[in-house]
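Below is one structure; the comments refer to it alone.
By written order: A, B, C and D. Residues from 1 in each chain.
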């Protein structure tokens, strides 16, 4: 038996192995027309860590997540105040290229949404956008991405089958493969397992543990236990009287779930909320 | 990722520039296509309204056409003919369409319902001239003369799918709980349908009927050899004569529906191709009236529908 | 493997328990060894080392609580974690017994031993083996082995009785030795208690593996009741 | 409960209240069955049924449904029967492209290929021009137009469909033909020199502008709203998640449309195009007014011609001989079959392949 130093896996890791800050949410408020959905959130996102957003439904978790790659731009009337720094640069600053930001900050959605094309074409989609045409490179990256998404063994016999023909969990892993093919720096996940059965959910959760070695992951989950299981840091958001979401507490997941600082957090995680 | 990054093979700056230019160009082109579609609409509308408006006068609505080559006259015959035939078409098509829509509401997923929907769509797709041939074959050949009745029937066939489709959609918008609630209180099916569901869907159905009427009023092709056309069609005259000869109500109605009749688009078609300036001018005036009617009815119906939907769905 | 995080945390806890067991075992054997040679300096080191045992026990408890809080363990996993909490406590108590032996060593001052220690080290060795086997059974989730281990407690009890009678004899023969003999009796008693706690660990192992709570207390004849 | 109520078929429809409790309905129903079938009980039973009115109601519903179902078949049957004379006389030669084109009412000799060709070529040209426009419009309306512009533009596109066909015809004759078609025809005339392809551009275009080209261009405007509206609906039916997936991968708006939405909606858009094709072939009045209605003209798009619909509209009322009428009705039959197939295919593509999947 090898004698390790007293490092109980996750418990001390954030402190023991310091991590760089990949993104910073600084004083962010989000408005839909006149309605304020998020008010004044400050948060760091650490590199190669999983950060989870939890909170009651309607508290703006997804909205906050979508500010990180400017997906809110698509909604008419949506407006973001404050700064979101990616490697120190404000992605909302004038002159920032949305397309480039979304390439660097990828996203996986609530329901698996593969394109109605073959598995291969799904994964190669982002690569082709970048103008990569050589078959050899495409083949290599497709395989690499599918392996990283733990899907390769299931589809390697037939990469030409439709992505829609896979099972729900496999579709979601295909979407993850598609997202990581373009080598984003951050991957946003918006309740990626809420449409999946428990087994598929666990597969994805395990996948995240391996993915975080290469990517920074931010995940929104309505399932508090899931956040506890998989994340390194957790942000708990809640809703104010004016229905605006705000950050209640942010900290290492272990801390937040065993010894929360805020009464509200404790009430929420122990199910005594509201 | 330990293996070589894909970005070793990508010139990001050049790639972005190429894609952005393509994006801008293509998106602008879609804007151009919209402009290209709006252009003829504006052109036609403005031209017809300006040109037709110039020949618009009271006589148009109260006189029969003047003999060929003489100025003046109106299209009273066509207005009355259109009115009679559209009225008949509505009386035939609306009840059938509504009842069929109620059937679809009550049994939405049966084979019969699927067949009805398919049949409705096919009916809507049959060229109206073919419907005219059908009217000719079934009514004109049997009766051995052209008539307003035959015109009304073919217009009903044209209207039927329009009204049926929108009525089904409108009935579906009524919350099923309303109907079920009525049934649970012990109301028979028909009472629940007519007293509860129909009033709730009434406004929507009216818009569907308006769209159907707008469609029927503008139709020419099916009337070519069913109503044929009749420059002397005047209901007032028929009624006066009938009263004079002490005819019964039924006989007078028979006169009205039994004669060949004219309709606004039919008149427009005939006059547009005649070599007399006065007739062409009348055609433009008729185009003005038709256009105003069709567009007005359409805009009103769709605006109303949009308003209702917004109210229902919030 | 599904549930990577939970599995790795469980493995980690097992390692830590084994490590804590090792520390406790070593502390006990050292304490007896130090007593045998009347090495009081060694005894002081053992007392100081108990801090580390206590600290590791709390680390293990905290880690187990974190796993319970974050991983939603159920069934076997949950029983395992409950047992970890319990066994860590048992081990810590056993550490205290070892510390107690070291303290006795110091309390005995510069007085020599009544006689060379023979049975006590044997007793300690058996207990150490039992502890190691019990923890291995726990880590391997081996209820059968765990059920067999307490039988060896009889050997320990036998040795203890022997030591007891021997020391009583000393005391009767020469009341001046009562002090000395009493110290040794305590030390023997401490080792005997440790063996009993190994039985508790075995009970926990059976509970973890099967979900059944059994009493492995042995009767006079050494049969499980 | 609700589902059960819906599933009960008409003869069992005693009344809603009786169906609410199985036991009570069973009792009443069995009462009816148990009674001896004397004339008085029959009358009672009938009275019972009719008192609630549902029998009458369902009879009416079934009749209406019957009318809708029978109508299409009846139309087909009538066309088939009424065209019997022409079908027997000319057989398949009637629509055979390489048969000698004759249209001679005096001799009772008819061959429909020129009309069929006229329909196909005008519709085809109209499609070629309308499809890119319509798809562009659909993309703009469903993907790009800002909220405030969407409703008015939707109106406008639908208004294009609402203008009566004869108004297009009138405008075509007096405005569109002289201003657009004549100059365009003159510009295209030199293409007639090209060997082979020149067949389609053999001029000159008549001074009035009456030509297949004119008809085709008017058709562009007329089928534009159909294709655009259906394509727009197809695009809007595509789940938002598809757009988000593409954008989140760093696709531009255009790439999202071109590489994701259009492939996703391809069968639906194909359906829209086929629907437009059906409309173009069936369109009668405007085409009749601008195509010039003359036999001959060969294959040239710059010359006047006929379409199936226009030849019926133009000649039917004046047809004297039985064979002439039958021949025109047979053209109607061809038109019916063609549009039926096109519409069925389009419906299948739009409804089953796209809207339902979404």
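We adopt the following convention: a residue touches a chain if its C-beta (ideal position, glycine included) is under 8 Å from a C-beta of that chain, and two chains touch if they have at least 3 such contacts.
Source: prediction; values computed, not measured.
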item	value
Graph distance between chain B and chain C, where chains that touch are linked	2
Contact-richer chain pair [A-D vs A-B]	A-D
By mean Cα position, the chain sitting nearest the middle	A
Euclidean distance of C-alpha centroids - chain A vs chain C, Å	47
Chain centre separation in whole Å, for chain B relative to chain A (CA means)	52
CA centroid of chain B to CA centroid of chain D, Å	14
Residues of chain A touching at least two other chains	99-100, 129-130, 182
Residue list for chain B, restricted to those that touch at least two other chains	19-20
Chains that touch, pairwise	A-B, A-C, A-D, B-D
Contacting residues of chain D [partner chain A, same complex]	146-147, 239, 241-252, 255, 259-260, 263-264
Interfacial residue positions of chain A with respect to chain C in the complex	1, 3-4, 6, 8-11, 199, 202-203, 205-206, 209-210, 225, 228-230, 253-254, 257-258
List of chain A residues in touch with chain D within their complex	69, 71, 74, 76, 99-100, 102-103, 106-107, 109-111, 113-117, 125-126, 129-130, 175, 178-179, 182, 188
Complex contact set, residues of chain A against chain B	97, 99-100, 127, 129-132, 134, 137, 140-141, 144, 148, 181-183, 214
Touch list for chain C against partner chain A, complex	1-6, 8-9, 12-13, 15-16, 18-19, 56, 59, 62-63, 65-66, 69-72
